[in-house]
Amino acid sequence: MAGNGFGTIFRFTSWGESHGPAIGCVVEGVPPRIPLSEADIQPWLDKRRPGVSRFTTQRKESDRVQILSGVFEGQTTGAPIMLLIANEDARSKDYDAIKDQFRPGHADYTYWVKYGIRDYRGGGRASARETAARVAAGAIARKILGESVTIRGALVQIGPHAIDRARWDWQAIDANPFFCPDLQTAKKWEDFLDEVRKAGSSTGAVIEVNASGIPAGLGEPIYGKLDADLAKAVMSINAVKGVEIGAGMAVAALSGEQNADEMRMKDGKVVFLSNRAGGILGGISTGQDIVVRFAVKPTSSILKPLKSVDRFGKEIEVSTKGRHDPCVGIRAVPVGEAMTAVVLADHLLRHRAQCG
Amino acid sequence: MAGNGFGTIFRFTSWGESHGPAIGCVVEGVPPRIPLSEADIQPWLDKRRPGVSRFTTQRKESDRVQILSGVFEGQTTGAPIMLLIANEDARSKDYDAIKDQFRPGHADYTYWVKYGIRDYRGGGRASARETAARVAAGAIARKILGESVTIRGALVQIGPHAIDRARWDWQAIDANPFFCPDLQTAKKWEDFLDEVRKAGSSTGAVIEVNASGIPAGLGEPIYGKLDADLAKAVMSINAVKGVEIGAGMAVAALSGEQNADEMRMKDGKVVFLSNRAGGILGGISTGQDIVVRFAVKPTSSILKPLKSVDRFGKEIEVSTKGRHDPCVGIRAVPVGEAMTAVVLADHLLRHRAQCG
Amino acid sequence: MAGNGFGTIFRFTSWGESHGPAIGCVVEGVPPRIPLSEADIQPWLDKRRPGVSRFTTQRKESDRVQILSGVFEGQTTGAPIMLLIANEDARSKDYDAIKDQFRPGHADYTYWVKYGIRDYRGGGRASARETAARVAAGAIARKILGESVTIRGALVQIGPHAIDRARWDWQAIDANPFFCPDLQTAKKWEDFLDEVRKAGSSTGAVIEVNASGIPAGLGEPIYGKLDADLAKAVMSINAVKGVEIGAGMAVAALSGEQNADEMRMKDGKVVFLSNRAGGILGGISTGQDIVVRFAVKPTSSILKPLKSVDRFGKEIEVSTKGRHDPCVGIRAVPVGEAMTAVVLADHLLRHRAQCG
Amino acid sequence: MAGNGFGTIFRFTSWGESHGPAIGCVVEGVPPRIPLSEADIQPWLDKRRPGVSRFTTQRKESDRVQILSGVFEGQTTGAPIMLLIANEDARSKDYDAIKDQFRPGHADYTYWVKYGIRDYRGGGRASARETAARVAAGAIARKILGESVTIRGALVQIGPHAIDRARWDWQAIDANPFFCPDLQTAKKWEDFLDEVRKAGSSTGAVIEVNASGIPAGLGEPIYGKLDADLAKAVMSINAVKGVEIGAGMAVAALSGEQNADEMRMKDGKVVFLSNRAGGILGGISTGQDIVVRFAVKPTSSILKPLKSVDRFGKEIEVSTKGRHDPCVGIRAVPVGEAMTAVVLADHLLRHRAQCG
């Protein structure tokens, strides 16, 4: 309740604001005796960390995670795991100018209307900084899922420029600043983003997350469907406006036979001849790769002046100067992976609860 | 838990299978002293009812709802409301042929793997018949939201044929068998669907739901965001593979200034000059119309034979003969409306809880 | 939420009023492939059924349970199980006289203040009739726990007359109308209750429930402790005012060494030399018998006139004539068993979820 | 889930172990714009703080609370409030001797069986140190309840020595080291406890919590009854074995007319002529004082040697030397108050959600 937690058995509760002393989350329901240390979590946080290329915000955060509970002699104990990440480079003064202003596309206005109070410094609770807590929780989720599961995300579109899927290469992901699986397109994006930045503008993006090694049988029909929980998980990420499973919105244009993933036997096992379902049927995993795609809107904080109002009802023009990602979609890749991991780990435990 | 309920304060728990004696749901958290009778619920069920045109399944169900509890002398009492809808036209024999078969695109295989048992008659628990419970719960949600809120759905695409948004006319919705807001396109769809049916095939569709009159301030950041809950609500509907809020997946291609919904004052109130956000910012309603769009895959039960396997691991061909909608998307319109209503009613009460 | 459900993974949601058409519950989270039919549930309902001796209410209800979903070909499917029990002998007219009156000790006043509306017929939602739903859910919980677990309740005190524990005999339970494990005391109770009835009065009672065969390890510290959940379960039963685990309130007077359950090894297993803990330490089961005790207040509906007020603020005298148990504690025995079963089944599944 | 949180709308999730770097909790659902600082919380923690008299543990902890989120410019923002309390005086070495031993009456054995791993230092997660988190959350709950509500606890029995209720004086509470409302009995307790300590033993106690100023109407029948939630809240406190509401276990011996709280009108308001119900009828508050009583078992860690086993299955004798309260019941008083406050604040918001 009150919207700060995610999951049922494996569950994390996030807290913290962009410019408070720290952010973090409490992770519950972790099975006991899983080896765990900060070193298992840090690499995922480093992927999401700001300031590592000229295409992301220049805020400098080391994003060091501390485990404050739930781990004893290098193993989980079954008790809640408190993860804390200090905020180091908060320049609250940068935000004085907008403390009474509502930036279009931001949560400024809605927080104000809902709560009648707003921590405006760096976006407060609505800041994308909160996603560090998700990534930390996701790292623990991966440990629960085990080595046989691989969850990988990729940026597949920036602005109008989509990748060429024929060139998809998972190896390429770490060889460019965009988590792009197609190096040719990644090159194009560099130029495009430089232009966007120079224009004081920003751009949207599409992220695709793929989870392989997930056994068939996870998901709880009807309202705890695996895809329903994935949709919620991903839509809860800042700036996301659309979520697709498998063929996604494109299924509308398909015929029944085009959409059907036919089945055969191979080495005594059921195999599917295609994966338009994105690995989920009737809300339950099929054993195929889970495929989740989501669109992230362009960063709302741009230099170009926009019409807005302030909290006194005065019409104003807003031009945001702080440090911002020209394309928040880039750093959304590890966040999308984390949320996928969190949902899958939860459903693994939920399945075990009911079905043994 | 166990996936049968939806919502937190306003919550319904659904039960029942396609060919059992009845289906229904228990609705909790309804404020007391709301006038309520079966007559408030029946019209919405009638919209979803099968067999009303040649474009939907020919199963004949009167879908009469009975209120078994929670209402006294015509008013809600605050106690749980049990809604029961009898199953009348269940022809279980039709399904004997497929009792050991896994139909591609259906939940047959995944239920079998998950539970090791499957009520195959009419799809059992995975049948779209379950959506009647959603529509019934949605009718009560509308009563909670009150007269000032209007929630309307429309079919905006069938197969490759999208409507022309310039011709959008809410009046047209009830004047064609598709809930189509564009009568010219509706005509085209008739021919298209007749072809699809003749070919023994099926087609996908896109539905758009619009909720107006929603006050600003509903939604619980971070993980109880209004859009996150809407995404889950809609993705939990049978056959849905994609969900969009406002501009949806298209935001990826936009620039920051294109995507921004600028704000002005009008008559002392904040107004937005566009609605790409679909009425939600930072997970909280803005006061604009809430716009939710979702894609429904083509009906998986088609006459055309498909490659599959049975539960003994034998390779087979499946051709489904029962009574099926050539386009399940049509009847998904009232279901999408209902799920939107359910989310909004819940968040109205949740907001009241925390913010008074 | 909204208070109608109990449990997390194994969960039931109850609905219905004393004089509505029916009462029942939806049971969720039941593992698949458990053999189940009405015949598994009915015997427990029969134990709780009114009108079987002169010491319980004379309302005649056959309390036939119907399974409306979740069972296929004699086995659970993992889908929600809807249990319905029709109300047959509702004499609503008996209650016309008190429709505006608040009976002392009843929920009349508090429902009125809370909801501003009250189904006064037979106590409405606050009627002990609701406990039939608990007993039905408890019967399914027993199936989940399996044959190795035995849950038995006994009445150990009526009015000031406690049993002699030295004479405890589980065989005696079914040989008297009180579920009394001490036949000598049961005899005494007959006379005592006849007097109470003649005097137009009523009396309180104490029930003890014993669960044996529960493995060590169930319970979720800190706030999901097994004893915390049992306390809630039992305190939620109508008219209960006190709950004890093991030595209960008496621990206050003990010294550390008196209270300690010392441990030894026997046949390679840990054994305890006493059970003051009631089978629970740190909120987790020890493997010993779980012992829960609770006190039920005297029936509030008595013939003796009591000072009260009506809903118009007028001072009145109330004397209740309907059909009532002189000692509601008697029929609370199977209800206490059921609630214990429900908690244990839920924790069995919860333990499996986190700890495998 | 996983047992670390309490409450629904007002909810806190606790984390931390006795000898980890810190303990604390995340508090959710707090209404916005409530003035809040550490100074509002600290006094309640100071009441519970160890080492303030010779009758409590000699562990020295300053128990300074830090607010890490959810408060901005001195007011709550509606975002989760993270409360952190550092552990300062953890002497883990003291516990090396018992790392493989199961102390009778402690959670050592059950944690080991459940999780297969145990943080034995100072009791780890099972330590009463965790109750500091409850007290901190309770302080925020009090702010939500407001000035018109007073929640006070008292120790009413130590060992076999109960207070004389005729001498009850709330002023006395702070004038003795036991929170005893009867100074004469408090004197007696000093001698008794000195003896207990000299004997290397410990003793149980009974605590009574009284909440006044609670409006009628709080509580959610049937399974969210106010008394059911209070029972769970209090039974979740370390070492509690019994919970009573109002007349409690004693109702068993009463007749209907003795137990009835008769009602009259006074100054246009309903008044009750007695309060055996402890302020709750049908699970809903009556407007009278809420009265909760609970028994705490004697400290399990005593000097006297007890028979036990170790984790290798060897029979041993255990004699605990660390720093322990001879009567944990004393410091349970502020904890009982806090848990009562937490339940009431949650139900205040829950009532507002459904009933406006």
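In order of appearance the chains are A, B, C and D, and numbering begins at 1 in each one.
The rule we apply is simple: contacts are C-beta pairs under 8 Å (C-beta built on N, C-alpha and C of every residue); 3 or more make two chains touch, one makes a residue touch a chain.
Remember, predicted model here, so these are calculated numbers, not experimental data.
With centres computed as the average of Cα coordinates, no chain lies farther from chain A than C. Matching A-C against the pairs in B-D, A-D or C-D identifies B-D as its interface repeat (over half of contact pairs the same by residue number). One finds 26 Å separating the Cα centroids of chain A and chain B.
Rounded to whole angstrom, the centroid-to-centroid distance between chain B and chain C, based on C-alpha atoms, equals 39 Å. The set of chain C residues that touch two or more partner chains comprises 1-5, 8-9, 14, 29, 32, 78-79, 114-115, 125, 221, 350, 354-355. Those residues of chain A whose C-beta lies close enough to touch chain D in the complex are 1-5, 7-9, 11, 13-17, 20-24, 26, 28-29, 32-33, 66, 68-70, 72-73, 75-82, 114-119, 124-125. By the touch rule above, chain C contacts chain A in their complex via residues 9, 29-32, 78-79, 221, 349-350, 352-356. Of all residues in chain A, those touching chain B in their complex are 1-6, 8, 14, 102, 104-107, 109-111, 113-115, 125-126, 130, 157-160, 196, 201-206, 216-225, 227-236, 240-265, 268, 270, 273, 276-278, 280-287, 295-302, 304, 306-309, 313-315, 329, 350-351, 354-355.
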